[in-house]
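Submitted below is the structure of interest, expressed as structure tokens.
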Amino acid sequence: MSEGILEFPQRPGGVDPELVAGVEALLFAAGSPLAVPVIAQALGEPADEVRLALQVLEQRRRDSGVVLDRVAGGWQLRTAPRFAAAVHHLLGTRPQKLSRSASEVLAIVAWRQPVTRPEIERLRGVDSGGVLKHLVDRGLVRTAGRTEDPGRPLLYRTTALFLEVFGLPDLAALPTLAEREGMVRGLGPTDEEEVPPASEVSPPEGAERSEE
Amino acid sequence: MEVGRIADAYLEWIERTRALDLSLAADWLLMAATLVHLKSLELLPRPPAILEEEEQDPRDALIQQLQEYERVKAAADVLETFPRVGREIHVRPPREAPTGPAPLAPGDVFALLDLFHEILARGGPPEVTFQADDSGPDFGLCCRRVLALLGGKGGRVDLGTILVSLRTPAERVVTFVGVLEMVRLGWLDIEQERHLAPVSVLQVVEDEALDLHLLTGWVEEGEPGEQMTLPLGGRSA
Amino acid sequence: MSEGILEFPQRPGGVDPELVAGVEALLFAAGSPLAVPVIAQALGEPADEVRLALQVLEQRRRDSGVVLDRVAGGWQLRTAPRFAAAVHHLLGTRPQKLSRSASEVLAIVAWRQPVTRPEIERLRGVDSGGVLKHLVDRGLVRTAGRTEDPGRPLLYRTTALFLEVFGLPDLAALPTLAEREGMVRGLGPTDEEEVPPASEVSPPEGAERSEE
């Protein structure tokens, strides 16, 4: 926690401390994640410089109470998790929870997107309309067109807010389940039989709000 | 597995479903029915032909579904391990957006749909449809009729008399509006000696000064030469 | 003066960095000014310690983009005034959401199109001319001919930009009330209230001005 500002000035190839300060001011004022080009445009500085400034800031804030995270295709200042209890105490809030069924549906949408409600219900074996609506209302899931299947069911995807809430830089940052649980890729049916197209199984490439 | 116990639970559930969420009940029924079906297949001998026809052992289907569900649960567990905004993490509270033109934020179509639904549910004022048909009163004609009764500058007629002489309520309304419009144009004056006394209409300009085309403008967006018909024919709800 | 910490002899090493971090996290998450006792209570630390931490934080943030100010009997993190222009630039170009009334009119146009202004006003029960103009100005709604009704009112439709903003491939992808209702019917843990009956549903295809 030594003061980064003092470490950087005049360093050859170093970042202008004033740029770091400006980037911090913007991130603070915005609240929501900011993509590099947005910051660069507001400050009238080259994107590469801004990227360096972000790295300096990320480094500097690492052990502080407010850290700089890459989320939802941008950068965002967020409280360090270890202060969650104090913040909840201060704000008089309780930790927001997702019900078990909401977690399940969200997991299916996250790993399988785009996915239809019938597909979700096939995987869970129970009606999931209410849960899906709940997730849409909370802004974690959105519609994304329809399939050509009979009845043309709506397709669902996760939103940028989902990435922000779960602290993911993009969808590709979702761990493959195989890595974690020794499972075959994604949520798909196990073996050779009726494996869905790969695009639906692996973490979808590119978030909707991909950086730059 | 004991078929009898499954069947009993099955029937008991059918009884209970009357008071319960039907979709939940349906899920349970499907599961129970599948289990009973599986058990019956085990108990009853089947000709080999039918066995071959079976594309897939229903037990396999059930097992596969359960495996898939296990994966879903595992995925949900993974999701639960991520530190979450609102749970472990906090961000800056949202601020008021400044005014001025700005790009539009991505919209939420379901929020929009809910709003639409809300508006429909609100009901709104009772629906009133105005219908214009050929028998409806002609605005220009009604105005000219009043001017004819006045008979030139200085002419004076009792407004009540004019209105009572008209056949339909619609004609009275149109004529009344016409009088007001001609007052606005400065052609007519309205006089009343005292409170509750009869109201008389007075023509204050020469006939030559009456530009009847000015009345055309009364019907907004009317095309030139279009017949001036007021949307006040008859009410039909 | 730059070393305010050293003025307090009983703590030659300064304040516990973790307390400073905690104070910063609380100030960040609160947004509004916080009084010392409030912070002390949330962290479960003595007010005197919190006061010291605030001084350290104030000192440390002095030249950064986000400074600690005494405001309204409390302490508040705020962007440094010298970045006001950049912040304004940033926030001025941040995406905006539609107002409630604009959303209402847009919803009617979306599901009822083509629709006239009188019809919109009949449904909303209030004058909607200004809002409609706003939506036309923003490019979400456009005129599309006139009806044969008395006064030949203009007809309104949604635009391509509307589809873009709401992430729809085409108008046929607009969800129907029946679909929304179907979601609600699920067994999920929704605390949402009942949605009124679907009798008033008009799917986008059949959105021919239902004039009954």
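Note that the chains are named A, B and C in the order they appear, and that numbering of residues resets to 1 at the start of each chain.
Operating definition for what follows: contacts are C-beta pairs under 8 Å (C-beta built on N, C-alpha and C of every residue); 3 or more make two chains touch, one makes a residue touch a chain.
Since the model is a prediction, treat every value here as computed from it, not as a measurement.
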{"item": "Pair of chains whose C-beta contact count is the highest in the structure", "value": "A-C"}
{"item": "Central chain of the complex, centres being mean CA coordinates", "value": "C"}
{"item": "Computed distance of Cα centres, chain B from chain A, in Å", "value": "37"}
{"item": "Centroid spacing, where centroids are CA-atom means, of chain A and chain C in whole angstrom", "value": "18"}
{"item": "For chain B paired with chain C, centre-to-centre distance based on mean C-alpha positions, whole Å", "value": "26"}
{"item": "For chain C, residues contacting two or more additional chains", "value": "25, 28-30, 91, 93-94, 167-168, 175, 180, 185-187"}
{"item": "Numbers and ranges of chain B residues touching at least 2 other chains", "value": "23-24, 27, 90-93, 95, 106, 108-111"}
{"item": "Touching residues on chain C, where the partner in the complex is chain B", "value": "25, 28-31, 88, 91-98, 103-104, 106-108, 110-111, 122-125, 138, 140, 149-153, 161, 165-168, 174-175, 177, 180, 185-187, 195-196, 200, 211"}
{"item": "Chain C partner contacts - residues on chain B that touch it in the complex", "value": "21, 23-24, 27, 90-93, 95, 97-98, 100, 102-117, 119-122, 124-125, 127, 129-130, 132, 219-222, 229-231"}
{"item": "Contact footprint of chain A on chain C as seen in their complex", "value": "17, 20-26, 28-30, 34, 38-39, 41-44, 60, 63-66, 77, 79-80, 83, 86-87, 89-91, 93-94, 167-169, 172-173, 175, 179-180, 182-190, 192"}
{"item": "Sites on chain A touched by chain C in the complex", "value": "1, 3, 5, 17, 20-26, 28-30, 34, 38-39, 41-44, 63-66, 77, 79-80, 83, 86-87, 89-91, 99, 101-102, 105, 117, 126-134, 136-137, 142-146, 152, 154"}
{"item": "Partner chain A, residues of chain B touching it in the complex", "value": "23-24, 26-27, 31, 64-65, 67-69, 71-76, 78-80, 82-95, 106, 108-111"}
